[in-house]
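These are the structures in question, set out in turn.
Presented sequentially are two complexes of subunit A, the first with subunit B as partner and the second with subunit C.
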Partner chain A sequence: MTLAEEKQITAPTPRVITTKPRTSDKIFRAVIFTGALSSLVILAAIAIFLGLRGFEILAREGLSFITGYEWYSSINSDGTAGEDPSVYGIGAMLIGTIITALIAVAIGVPISIAAALYLNFYAPNAIRGFLVGVIDLMAAFPSILFGLWGFNVLMPSGEYWAKLLHKYLGWIPLFDVSTPFFSRSPFIAGLVLAIMIIPIVTSIAREVFSQTPLDRIQAAYALGATKWTMIRAVVLPFGYSGVVGGAMLGLGRAMGETVAVFTVLNIIFQANFQILLGAGGNVASLIILKFGEASAEEIKALMAAGLMLFLLTLVVNMLADLLVSRTVKQGR
Partner chain B sequence: MTENVKPSSLASVAAANANRSPGKHALGTGLEARSVHAWFGKNHVLADVSLDFAAGTVTALIGPSGCGKSTFIRTLNRMHEFIPTAAMAGEVLLDGRDIYASGVDVTKIRLKIGMVFQKPNPFPSMTIGENVLSGLKLAQLKQSNKEELMEECLVRAGLWNEVKDRLDAHGGSLSGGQQQRLCIARSLAVNPQVLLMDEPCSALDPGSTLRIEETIRELSETMTVIIVTHNMQQAARISDYTAFFLADGHPGMMIESGPTSEIFSNPKDKRTENYVTGRFG
Partner chain C sequence: MSTATLSYPKPQKPWRPKQRDLIPTYLGILVVFLGTWALVEFTGFAGKLGAFASAVICTTLVSTFLAGRSRGKQAAKNAAVASIITSLALLAMFPVISILGTVLVRGTKGLYVGFFTTDMGLASVNDPLNVGGILHAIIGTFIMIIIATLISVPLGISTAIYLTEIRGPGSRLIRFLVQAMSGVPSIVAGLFIYSAIISGSGRGFNGLWGALALAILMLPTVARTAEEVLLLIAEDLREAGLALGATQWRTVAMVVVPAAKSGLITAMILGIARIAGETAPLLFTTGGGDETNLNPVDGVMGSIPFAIWKALISGSAESNARAWASILVLLALVMILFFSARRLGKARR
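Entry: the complex of A and B
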């Protein structure tokens, strides 16, 4: 017999609790709801626009739009159709986009983590303030300048590093090249992108690391930890999920970046997994490359390509959310 | 907490406690604080505390909140300096050597002088077993028979029987009292000479408190224990010596120290008497 039965209590139905908000509260609510909704509306509007414009090409090409490697517009600039039918496939561009973005993350994220750890745990106050300012400035830096600098300064040294990689690690298929042409490769585009994502990933990692509970840090030090062993045992497990989230944001930015990649990448319509070879693909750069001289039909194809890029970033962000929510319980 | 406790009963608890013989296997020659001062910025929070902690004894630090007890205990293993703007003066001698001397490896000091905090703080990303042995990893110590050490530490902390079947569970899955004993076991794994405890039972229920007090009594056979407590009964039950701290508008100072039975039965200072009899604080 339970206590409730003993005392002969019958459970009533729960009351419905309501609150009547004030008018001012309702107005405020409406205003902030509009704000919250606007991003969704804009995003949906863009997706619908791209979908409507690109639908014709998507329907015609079908799956081969994302698996095909050929991009050929038979419409001449004077509007007359050529002899061969147009073919639109962005497979190589999608692969290239993912490859360059992954290179950027592989290079940029470790640097960002190192920078964040230094700023949070090692840097003297004066240096910290200065460096944080510089990194924030870097985030606001126009991307065309990254591209110009990448083309003129980073590319020559990037080529040199690429040759070194090829010479010593060429036995790994990734670092092999079929012809010794190292200029304007996905590797170099990835380097430029890495530099561009460092500010955002660093500031996210810094924010996450700074949230590490002080009592755990102290517990580690009280056990005779050095700074490095403390970071390994306490800060990194705690910050893991947040850093993964930051890396994914970086990945998203790297996939969507246009101008800088366009400046340094040699765009070729074939799938290339040799990252040191000067032949790559990038959806965003494709759009810039073709947009100026495109026929009406090709414009539609470019819209469809834009829609694919949009979906790709959406999928990456959803995967990131999944990854973060799965790992968030551990280490917290 | 002490209002309904008659001073005579506290004194008798302390007297009963005084009969035990501490320090049979004591390590080292104990810890000495010499004229320790502490500041946070310009705020002078602790003035001129000199106190000896003989090896193998339990010393309780008592006093009202804000009197500098916690600050004092944190100067004893150099945790004080983690707070920005914190400063100290004076000397803390472990086996006769100043732990603040230049050239001293602070990580080695903290290995010899362990600490248990007010709030249980096991590492949540580690299992129970990993938590116990975390000090070895953090201090980069080599240890051959880890299983044995893990069991020994958990037994000494009075936790073995409760966790022996789930050493792979996460530290956060334990109750508060168990977590605190896990933290004690973790401190023991690096074999400290001195164990500092900053109100280790303040967040725990009476049952867990009792278990930890038993643990402290057992530990004092192999190490020096210094414990900050707001619980007068606890100080009387477990400590050999008691030091009373008071701030009173000035920097915190040590008013009186001596054998626990004397502090509770026959304090020399009026303020000590007022505090231990529950007239203030």
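Entry: the complex of A and C
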């Protein structure tokens, strides 16, 4: 029986089959998981450090940090405390941030929706790619470019339009001004922000609209719909919550924008609801404005203001993300 | 066999409009021109935007009227909406044209050869335009971009690999957090680095802190783009790797990542384009020096956005010209990055 003998000699021991990951895989997964946790760690660290540094001011001012309109640091130039107590309140700045961001959304979102509809349903194929490229390029423009351009180019013509609005629509309280000073107003800051959020809102609206089920579009046409009735009956209802999410994402961007707003906004520490008047507020601009010559205590107040801005934009962004992802998933 | 001459009927194209039918269209165009001129001349709609607005109003009215006259109410509505949507889409393109034009026209005035070879160490922003340059800023920007890339690309790609390859616990949460992180205002990133590292510690401003702040802003862009790219890799490739007995680590490192290489480079470039022009975080972290500084861990470091910022707030005519020249350089950098990312993206598909 030579065959059996041979087999006994050469048969290899079978590999142990297991579902357990190898050591190399364990290391790989651990390393990748650590890397993936970075976003969680960074977000938590931002909240913790800003909260830690700003805690003293937040605890002292309490709720009036958010509702108060006064920002007064009573530290003298030689570092000693002044006679009046320091007061830190970002109420006016918060209101200003929300007003400018809302103006930006009110102007930018309709334009973005129209642009997205045009790119998806109206644009000739030959120029569609080019136009999408132009919008994407605009998203890559640095914010200081918008600041410089907004200050030098947009502000003069923005002032002209503000005067026109005031002249013909001044009877609406929103467009009224108490003194005829139209330069560096929330309206102009809102215009700059509107231009800055157009690319992101357009690209989200475009993505949401392109998820519209084709059979529904064709069904609408088959029933004799014109292009517009098709859009109104199929595309807009389908994309509604996604577009709202995109608008909120734009709102978040507009709230956190710093440099571009700083160059075109006159910062005044009072609540101003006359959007054409050259007096406004913005939390991010406040931080830039005060940071240069701030005392140690005022820096802490600025950190607290930064924390408020962070939390505000985080909440807006998370809501926006939920709305967008819901629509996009629904289409697939 | 006789040769039959075949006569083809001449194509009639009955759908093609006759000259007579086009008369209303020609008249309509004429009315649009006249109406636009009248609005600009006699109302407050002055300037380029005013002319555009008047043209939009006239075009909308005329096309609505024409469509309504020949095809009824629904067609009129359709035509009105089409012309409004088209003009709003055009309006969205206006700023790009204006920005590019202004930067080109004003930026070239401040440029001279020395602009790229000298720094502002011995010059002030208000000096004449043939003194000083932004060499320090260009070097600083590049150093900070390199450091930020070295930090955020490995982290961003690990995040993407975790989300697409490992698909472990918490994937949804991490995807959500990355999305939320992409909305963090740039000023907050700067303030965070300031509060965590610089404030109260006695450490000074330097380029490394600036790069850390930029890395925070770059991370979500890289992670999201890389995730999209990895999702495009066919599942067959992964299964083939595993079927050959490779461990997951070998499959990812030798099959998936090489297959997605150009896409991952695109992700990196888009991340760099995102941070190249960031100003706010650098204001809190780098100190914005005027002299060329090659050492990121010692002393203040300039950067192009910071140089623009300094020139902008100084406010004289020379500094304004300098700001425009610097922004021309910055814009050129961003556009090179943008177009190379697009080229790579096109080559992939």
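Methods note: the second predicted complex is superposed on the first by the 279 of 332 C-alpha atoms of A that agree within 3 Å, B and C clash if a C-alpha of one lies under 4 Å from a C-alpha of the other, contacts with A are read in each partner's own complex, and residues count from 1 in each chain.
We adopt the following convention: a residue touches a chain if its C-beta (ideal position, glycine included) is under 8 Å from a C-beta of that chain, and two chains touch if they have at least 3 such contacts.
Everything numeric in this text was worked out from a predicted model, so none of it was measured.
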| item | value |
| --- | --- |
| Contacts of A:A114 with subunit B and subunit C, given as first, second, both or neither | second |
| Touch count on subunit A, higher of subunit B and subunit C | C |
| Partner chain in contact with A:A126 - subunit B first, subunit C second, else both or neither | neither |
| Touched partner set for A:P237, first subunit B, second subunit C, both or neither | first |
| Which of subunit B and subunit C A:I195 touches, first, second, both or neither | second |
| Partner chain(s) touched by A:I17 [first = subunit B, second = subunit C, both, neither] | neither |
| Touched partner set for A:T229, first subunit B, second subunit C, both or neither | both |
| Touching partner for A:L63 - first (subunit B), second (subunit C), both, neither | neither |
| Which superposed partner A:I144 touches (first subunit B, second subunit C, both, neither) | second |
| Which of subunit B and subunit C A:L302 touches, first, second, both or neither | second |
| Residues of subunit A contacting subunit B in one complex and subunit C in the other | 226, 229 |
| Residues of subunit B that touch subunit A when the two form their complex | 77, 79, 82, 107-108, 110-111, 114-115, 117, 119, 121-126, 134-135, 137-140, 183, 186-187, 190 |
| Residues of subunit C defined as touching subunit A within the complex | 44, 46-47, 49, 74-75, 77-78, 81-82, 84-86, 88-89, 91-93, 95-96, 98-99, 102-103, 106, 154-155, 157-159, 161-163, 165-166, 168, 173-174, 176-189, 191-192, 195-196, 199-200, 216, 219-220, 223, 247-250, 252, 273-274, 276-280, 283-284, 305, 308-309, 312, 320, 323-324, 327, 330-331, 334-335, 337-338, 342 |
| Subunit A residues touching subunit C - in the complex, by the definition given at the top | 21-22, 24-25, 27-29, 31-40, 42-43, 45-46, 49-50, 52-53, 110-112, 114-115, 117-119, 122-123, 131, 133-138, 140-149, 151-153, 157, 160-161, 164, 167-168, 195, 198, 202, 226-229, 231, 249, 252-253, 255-259, 263, 284, 287-288, 291, 296, 299, 302-303, 306, 309-310, 313-314, 316-318, 320-321 |
| In the complex, subunit A residues that touch subunit B | 213, 215-216, 218-226, 229-230, 233-234, 237-238, 330-332 |
